[in-house]
């Protein structure tokens, strides 16, 4: 059943564009999703819990920091990372988000900008899922405008031993309440720098955001830094300016372009299966023109979005992927995935509003995904500047 | 603040079309919403509870069975009923749904088709909110096709004393688990008939549907009737055939056309207020073209939908409202309200996914509203048949 | 046939909102459209000619300057004007445009801002359609921004006898090449003023814009004023600043809100009739779900737009209509009319691309209507400023 | 200029997916378009003429029957054919349509189903553009349902010498009035067969369809066969049943999926250039958020559609392309191209309704393209059956 569904979903034979290792990895992650996420996600979601046993399992699956080389990281290709993200988000965006925060944000920041000592201390155990990282960039009053960052780290003393005193507020920080280490971005007298703040550092207050209508099986937090004293070793030596966090955001956005199509595909497949078995006026719903129109438009956009994600992945593996291309992928694929999940939900009738079926959960999750790492508007204006040469942000 | 917001929302000066009694009633219900629903709805929603104290308060407010005459009912006009539904749903669709189930479905069924004795027994206390009613029509396998009803009531004995034995299953029955009386529709040897089944009747099993992503501050249930014995007095004498329940559905649909615009308006006002105060790149969000475009399209559709609802109300009060006109109102206003609530949510950025702001709750609620009393597709095909003369349901 | 079509089009019984004089007028204009426009419009359109005999006939019909009082003008209500505009544009937007340019722009300018002498000289014969007027406001480089007007009239001499020397360029000036009198707006040392320039005045060069894909049965021109000498009597004494031309634009926009719905309704009715008679796979097109969905969505928006136009008309007749409300009507009704005409065209299959059926002609015409008197963007930003209090034009 | 425009259009670096021969061919066809089509198309379109000198020039360019092998045909790949179609339709859909009718329909029919003698007689001179072919399948009363074909060819005599008598009507037959040979499909006692009918055959009446609002630089005709006597050599020996013409339609549809993206790209580039130079309120249009939003959405869909077309082409060259995949390409790319051309037109303001700018011409042309070789609805239902397994045509 699952096999044949997949085949009719793959109208354009996109599978023929994947190599055997890519297909193998996909099967492996898909199995994980079918066995570990699918049977439990409704409960996790209703109860608003992130399953603490999952990080170690995902580490074993090999999807944490999977595109990084060395330090115990899997060292897979960008396409492989994308394929895995798609299957995980076919499970739940919140689970894929954990993988993105851990691998594309926290681990990538350390891998790219950290000292040798920092890398060795954190990366292997993060790749294994034994330690959890988070990435504190967004601030309460500046979701789409990181350049107005108000968090500040001032030098604490002078000379090589001089540490830092960090103050400020962050919001929407994924996994912060369970993180063993935070990558924190703050202004300094030398511009924006990154810091590693271990769990338990005095002066750090973390409050999970509750009463969420989206990604309830995930965690996002408010974090307040109240004159937090950090030693000199807390600084990420390699990152200077906004380029530091932005390069991590681009990693995450790339994964999102794939992931969103997973949520879309899962929504579509649920609707297709329901439409095939639900009878109305003596015929399966799938036999009505109004239903077919919906299903066809869904599958078309899923296929186009997947083709786009794969194209981006091939460019990335060739070292030729540009930020505006990632913006195109994130903007398009999340936007279309939301439309698809919503349309799928309508095919399910009243049953579609329960957690027994995935489309409405996916649609709600994707509202978070749409917002984080750049809203539709932000990516539209990034692309607008690229094609016209004129900025229109202000 | 609330006053001025309302003014800019009323771009087309639709308030000038309302009489002073209608405006007074609106203020009264709006106050109730602001004081009783707004401060509590996030908690009710998150905890998935229907507030048991509300029915009596709504009874006192005069909105239960409000369009009915006599038997302790308020006897208000259709427009007044609509205006109240709009304000209540600006609070929450789940609360307005209670009012619809109680007044437009259960009480209307008894008022229209019940015996004198039935009316006197139930209506006054239902109007007061002391007793709760529900309306059991929809069946698990036939959401959009009531004509295939499988529930059956056979005669139990002969002669005037003969009672009934009722068997069957119902689904999505609002308020069933707390109802004091159920209006149940079932096939009989004489076609479809309605029955009044008091709470506690042996053989009735009611199970609330949980893990809902919509209308969590409301209750919908599965109900199973296992050879339930009913006396002859259970029968609603006046209702024969599908016309019985359908006339009640039309009452409810009429109220929905108004109510949906309340959810839409509340979403719009939340987004407008947020956009006015949230700064981005040194300017309020409200000053950006992309935000204004969204807000303008929202307010246009709210105004058009409200104008439509009011027109339907005036026709109804003139005794000239036809079912296909109600279909037009329900189809259009719920569909547009969903778009508006979703668009409003995007203006709120990340904050929009929490229960601190109403748009995403409204959007999710409206998915239930879209489905019950006829999906978009059902109303499209009702109207399609009306304008073309050709049925295309099958 | 025409009668029954009208009935199924009027799903919401909007006709019941019109008085008997309004209905009578509508019948009269509809008859004119059916007898004079409908049989000839395809030829006029293909040949790109404006029928010169029409102005006198329209004058006799009583639709030129119809909302003006005195000076031989019909003195009808705003609703009556709207009802007539709707029927004329059900014929062709180009014909309705002539009526707007003549009545709402040129005649209104003279009526509102002209001297007694100017009114008596021009208005009676313009109301009769014996003389044609035009309205020269838009400039080639500033379609949506009249405040940047470059045309300039300098004083020619001093004292009461001083005339003017007018220089500048105008574009998209409807009817200019056949106009007997032009109302021309130009900057002066005292701000923007209006002038009456009779046909044949030396220094005025008029060139019709050809190779149009829209409103081919109408005329739009480039006009160049090369040091045109005007006497003191050319000045419209009452108009100072942009308020002069803008008050005329608002008259025209009001009529457009009605007119666009006429083009939409005619498109819908053509598609409905075609769908009812065209067989496919042994059933009329009208019996397919995909066709019904289109027709239903069309009729819904036509009804909503018509209800909106009528509401604006009632406000106008009560002296309470505000410019932003007109913007709402123009923006919504033209935008929706375009969607409707395009959708209607798809129901006609291949036949829809010929002039044998009106929808594609209407859709193309409406592209002009969408642009003139303020694009979608301009009206969106006018409304955006109204509801947010913040301008976002720049 | 043209170079840099192309670069910003190619946001996703799709050019990197093309080989050097493909890029070379593209340059060559693009040059032809820039020199032969672009400077003349407005005039051809306004005058409604198909330029008779073009076939020979297109033959020399090597784009007639370009994907066919032998008999003087170019023998290019499917991707090369697609790339050429895209450039030609960036010129005008009517010109690309001529190439499709000649190559994908008429020549393919002869190449695939003709006798050796037929191939040698017609193909070399058709590839050279010396002779023109057409393809008569569609009938006046059955646009989307070829199985109901009413044209009939009965045997005329018996034995090997027996000819045929052909009667029936065809509509929307491209190039018929200038064709040297018609491929005509008709029912026979043995099912549907194809016939070659040379120009001048007695009993054939061809009438060009005039007063078109689309593809005015192309020709479509009504054709009536009134007891037309054909010799035995007229029969295409290889084609039996609907599979004959359908395999040709699929060739044409494949080319359309590419071509439509050419019209879309040309529309986008015209709008981008205009927006960059047109000033409004002191800033280029391109600097406004509302304009950037339009341009970004356009370029995204162009890139997705082009990626899709290229994927189809690679599948075709690998011999793995299925009909439902072609349906996906035709449905998506034409539908999106229409949206893009329409949106581009709005950026051009009033100027957009003239033939000075291509978007509105493209938008109108694409209405023909959307209809021929299967409407949106037909392809939706083909795909709907593919994914659900249930037909919903009737």
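In order of appearance the chains are A, B, C and D, and numbering begins at 1 in each one.
Following the convention adopted for this analysis, a residue touches a chain if its C-beta (ideal position, glycine included) is under 8 Å from a C-beta of that chain, and two chains touch if they have at least 3 such contacts.
Just so we're on the same page, UniProt names per chain: A, B, C, D = glutaryl-CoA dehydrogenase (ETF).
Remember, predicted model here, so these are calculated numbers, not experimental data.
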**Fill in**
Comparing A-B with A-C, the busier interface by C-beta pairs is A-B
**Item:** Chain whose Cα centroid lies at the greatest distance from that of chain D
**Value:** B
**Prompt:** What is the distance in Å between the mean C-alpha positions of chain B and chain C?
**Reply:** 42
**Distance between the centres, which are taken as Cα means, of chain B and chain A, whole angstrom** = 38
**Asked** Taking each chain's centre as its mean C-alpha position, how far apart are chain A and chain C in Å?
**Response** 52
**Request:** For chain C, write out the residues touching at least two other chains, lowest number first.
**Result:** 283, 288-290, 293, 380
**Request:** Mind listing the chain B positions that touch chain C in their complex?
**Result:** 8-9, 11-14, 16-17, 272, 275-276, 283-284, 286-289, 291-293, 295-297, 299-300, 303-305, 307-308, 311-312, 315, 320, 322, 324-325, 328, 331-332, 380-381, 383-392
**For the chain B and chain D complex, residues of the former touching the latter** = 288-290, 293
**Prompt:** In their shared complex, at which residues does chain D touch chain C?
**Reply:** 42, 46, 138, 141-145, 148, 171-172, 209-215, 279-283, 288, 290, 345-346, 349-350, 352-356, 360-361, 364, 367-368, 370-372, 375-377, 380, 393-394
